[in-house]
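In what comes next, chain A is part of two complexes: it sits with chain B in the first one and with chain C in the second one.
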Partner chain A sequence: MHDAGKVIPGIIAFVLFVTLPFWSNFGKAAPKPQPEIPKEYKKCVESRDFMRREHMKLLRKWRFDVVRNNMRIYINSEGQPINMSLQNECMRCHSSKKKFCDVCHNYVSAHPYCWNCHIPPEERKGWATKEVKSLTEEASSKQPASHH
Partner chain B sequence: MGAVFALVTVLAFVIVVYVGVGVAGLKSLFGIVIPYAAFLVFLLGMVYRMIDWAKVPVPFRIVTTCGQQKSLRWIKRSRLEAPYNNFEVVLRMILEVFAFRSLFRNLKAELKGPNLIYGSYKWLWLGAIAFHYAFFTILLRHLRFFTYPVPEPIQILDQIDSFFHIGLPHLYMTDVVILAALTFLFLRRLADPKLRYISLASDYLPLFMIYGLVISGILMRHFFKVDVTQVKEFTMGLVHLKPKAPNVGVIFYIHLFFISALMAYFPFSKLVHMVGVFFSPTRNLANNSRAVRHEPAPWWKKPKFKTYCEWQEEFKEQLIESGQPIDEDCYEKK
Partner chain C sequence: MVIDTRVCQKHAPCEDCIHACHHIHNVPQIPYKKHEIKWIWKDEFEHAFPDTAHEYANEVLKGREFLLLCNHCEHPPCVRVCPTQATFKREDGIVMMDMHRCIGCRFCMAACPYGSRSFNWRDPRPFIKDPNPEYPTRMKGVVEKCTFCTERLAQGKLPACAEACKYGAIVVGDLADPHSEINKILREHFTLRRKVHLGTGPSVFYII
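== the complex of A and B ==
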């Protein structure tokens, strides 16, 4: 082999780069995300599989219907009317953003902008107490301004 | 013809996965066996190609130059076009690898009546650089499926890429760019008769495979949704060597099959230019053959030379007999 002094480090660099996911995760656990499912309610607005796959599209449709079309009622696949509201409907059962939404969103590094405008239940509770200042400051420092 | 063959191949990929996973339910084969096998072929194939190339002797400096080489001191030289030392070679390679400098010099030749006219033509460079950087960004972005917790730079890259907040999940800029660039690079081959003539199936196949990869990815993100949490559980299983095929839609398996096929095809196709560029003797050598005597080919042996003095010593008698002068310098300082 010619130029072994340059070729061998090059090969090593290449192999390290393409196997990065293998060695960088070696010995590190990645626990399966377990969002807290409400115990007192059995069914969400649509089926579990549908919600897992398409909740973001559903919420986007809700936002559009409410904000642009002034429609507040969603009829689900079983024909039941549902009040289209993230804070009042979704969070009624899924009462914790931290224990439900954030679990999977952090796991797959999704960055939804719901909370740029909406108030998570944890924060709303804080508003009734004296922790209000620290909580809102924390929230506003984390969330960038949005144009939606 | 090549384009049709490549298109049929790519469509066959989709059908194979659709039948294999959707109908026959061979999730472990398409989710675990094929991706691992493809990755091994990619890794070993690329290392083999690099070692194989490194064994080839390069006896001559065959640098492609298009500038004044180092010459007399008062003649201005071009450091990048005719690099003289390794530092200049490294600069030239950096510009080649990161900015595609040789494509930037691309010209277009056209017959205008009886005249052959050359003109600047940057579109190929633009399409190529847009494609490569978009593809690289997409590759880095996918590290969010292969790391936990996801490193901050990857998260920032993801958010910059989805900066415009179009749709939900947000549309990535790189997805749009790579589709546009691929379309241009494909149409470029079809539009010009000369280029169409020299284009083979092996030129179209990588294009179509990347097309398939990108389109299946976009469809999966925005249209035929899959449960991304299960996908990440699967990818983390892959890197922890404890894989478990996910129970998600066929579109995910199509996406996975396209990347597997691309990885396995990589070392045997034109795509290997990823490492080939570093082994290209027209780029990675210094143009200094007039100043430095380079070791020629390995089979070259130094010939046995005879000096004038040795020759004179051999024929001394004949030289004296015929009255030729004898070079006295040969006998001095001894």
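== the complex of A and C ==
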């Protein structure tokens, strides 16, 4: 090989550089997410293992049943009826989105869009912070942006 | 639904139904007309019934304001055009929206001959003064409309507008049941529906 003396150290330097993030974090694990579980309630809709693994599927089923099939009561594996509602039922016990949902979702970089519309417990008091007049002026001065 | 417009005229400018509906469903109050969101609103006769109105119309009708909302059509054109089935007709006849599926294409707005649908050009949340924490808001980029209070019907309550009306101008009932109160009212009064000739089969009736 021509110029092996330059090429091989070059390749080694390149590989080291590309894998730099791995080396810089080597041996340091990010702390395990610790979502805050409500103390005053012992039981969730289903078992803890099930909820950890399947809560997204459960919520998806709930939203389908409620909105499209007009079925609002979920019967859990113990035979108890539960009102299918993220905003009113889940968050009744899990009283903080930041300390519960966000903890794991941020850890795994999952960004479900539930809270674009559903009101998290932290924001129940509202958002009307700016004066409506300034918002209106701002709105009329801007061409509406395309969506999605 | 039957709306007795005589009662509305007598108690003008009462807007209890509009306020109740818009409060319960977190409908934003956006003063900029082009971004306005409305589920139930008022308009004059010639706008509500353009095919019936004419320049010699009687003075009473000219001054009267009509409550307008989604007609929950029997053959809803919005449902036909929705590419994601976000808008669909329930078995009981209510034209319902699944906001999770709406992609904001606005075909339904083009299809609806009643202007019952509003598009969220911007995040509605800053315009909701006093939100109802039990009902969601909408987000930028989706279409919304009256859902006939499906969430209240499921709890055995009347739609918010009907409940809010102190004068009983709004009556809600089952058109399919010949013995229902609403059918009795329809048999006893002369009523109009909006733009019937389009064949959508609107389910909101107006006592004139």
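Following the convention adopted for this analysis, the second predicted complex is superposed on the first by the 106 of 148 C-alpha atoms of A that agree within 3 Å, B and C clash if a C-alpha of one lies under 4 Å from a C-alpha of the other, contacts with A are read in each partner's own complex, and residues count from 1 in each chain.
In the analysis below, contacts are C-beta pairs under 8 Å (C-beta built on N, C-alpha and C of every residue); 3 or more make two chains touch, one makes a residue touch a chain.
Please read these numbers as outputs of a predicted model, since none were measured by experiment.
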Ask   = For A:Asn88, is the partner it touches chain B (first), chain C (second), both, or none of the two (neither)?
value = second
Ask   = If you stack the two complexes on chain A, which partner ends up touching A:Ala110: first (chain B), second (chain C), both, or neither?
value = first
Query = Given the touch rule stated above, what does A:Tyr41 touch, chain B (first), chain C (second), both, or neither?
reply = neither
Message = For A:Val15 in the superposed arrangement: first (chain B), second (chain C), both or neither?
response = first
Request  = Look at the residues of chain A and decide whether chain B or chain C touches more of them.
outcome  = B
Message = Quick one: is A:Leu59 in contact with chain B, with chain C, with both, or with neither? Answer first, second, both or neither.
response = first
Request  = Go through the superposed model and pick first if A:Lys32 touches only chain B, second if only chain C, both, or neither.
outcome  = first
Key: Which of chain B and chain C A:Val7 touches, first, second, both or neither   = first
Remark   = Check: chain A residues flagged as touching chain B and also chain C 113, 147-148
Request  = Over in the complex, which chain B residues touch chain A? Could you list them?
outcome  = 42-43, 46-47, 50-51, 54-58, 143-150, 154-155, 158-159, 162, 165, 167-169, 225-233, 236, 239-241, 275, 278
Remark   = Note: in the complex, chain C contacts chain A through residues 26, 29-32, 34-35, 88, 90, 96, 98-100, 103-104, 121-122, 125-131, 133-141, 150, 154
Note = Within the complex, chain C is touched by chain A residues 63, 67-68, 70, 72, 87-88, 113, 116-119, 124-130, 132-133, 135-136, 139-140, 144, 147-148
Remark   = Per the touch rule, the chain A residues reaching chain B in their complex are 1-4, 7, 10-11, 14-15, 18-22, 24-25, 28, 30, 32-33, 49, 52-54, 56-57, 59-60, 104, 106-113, 146-148
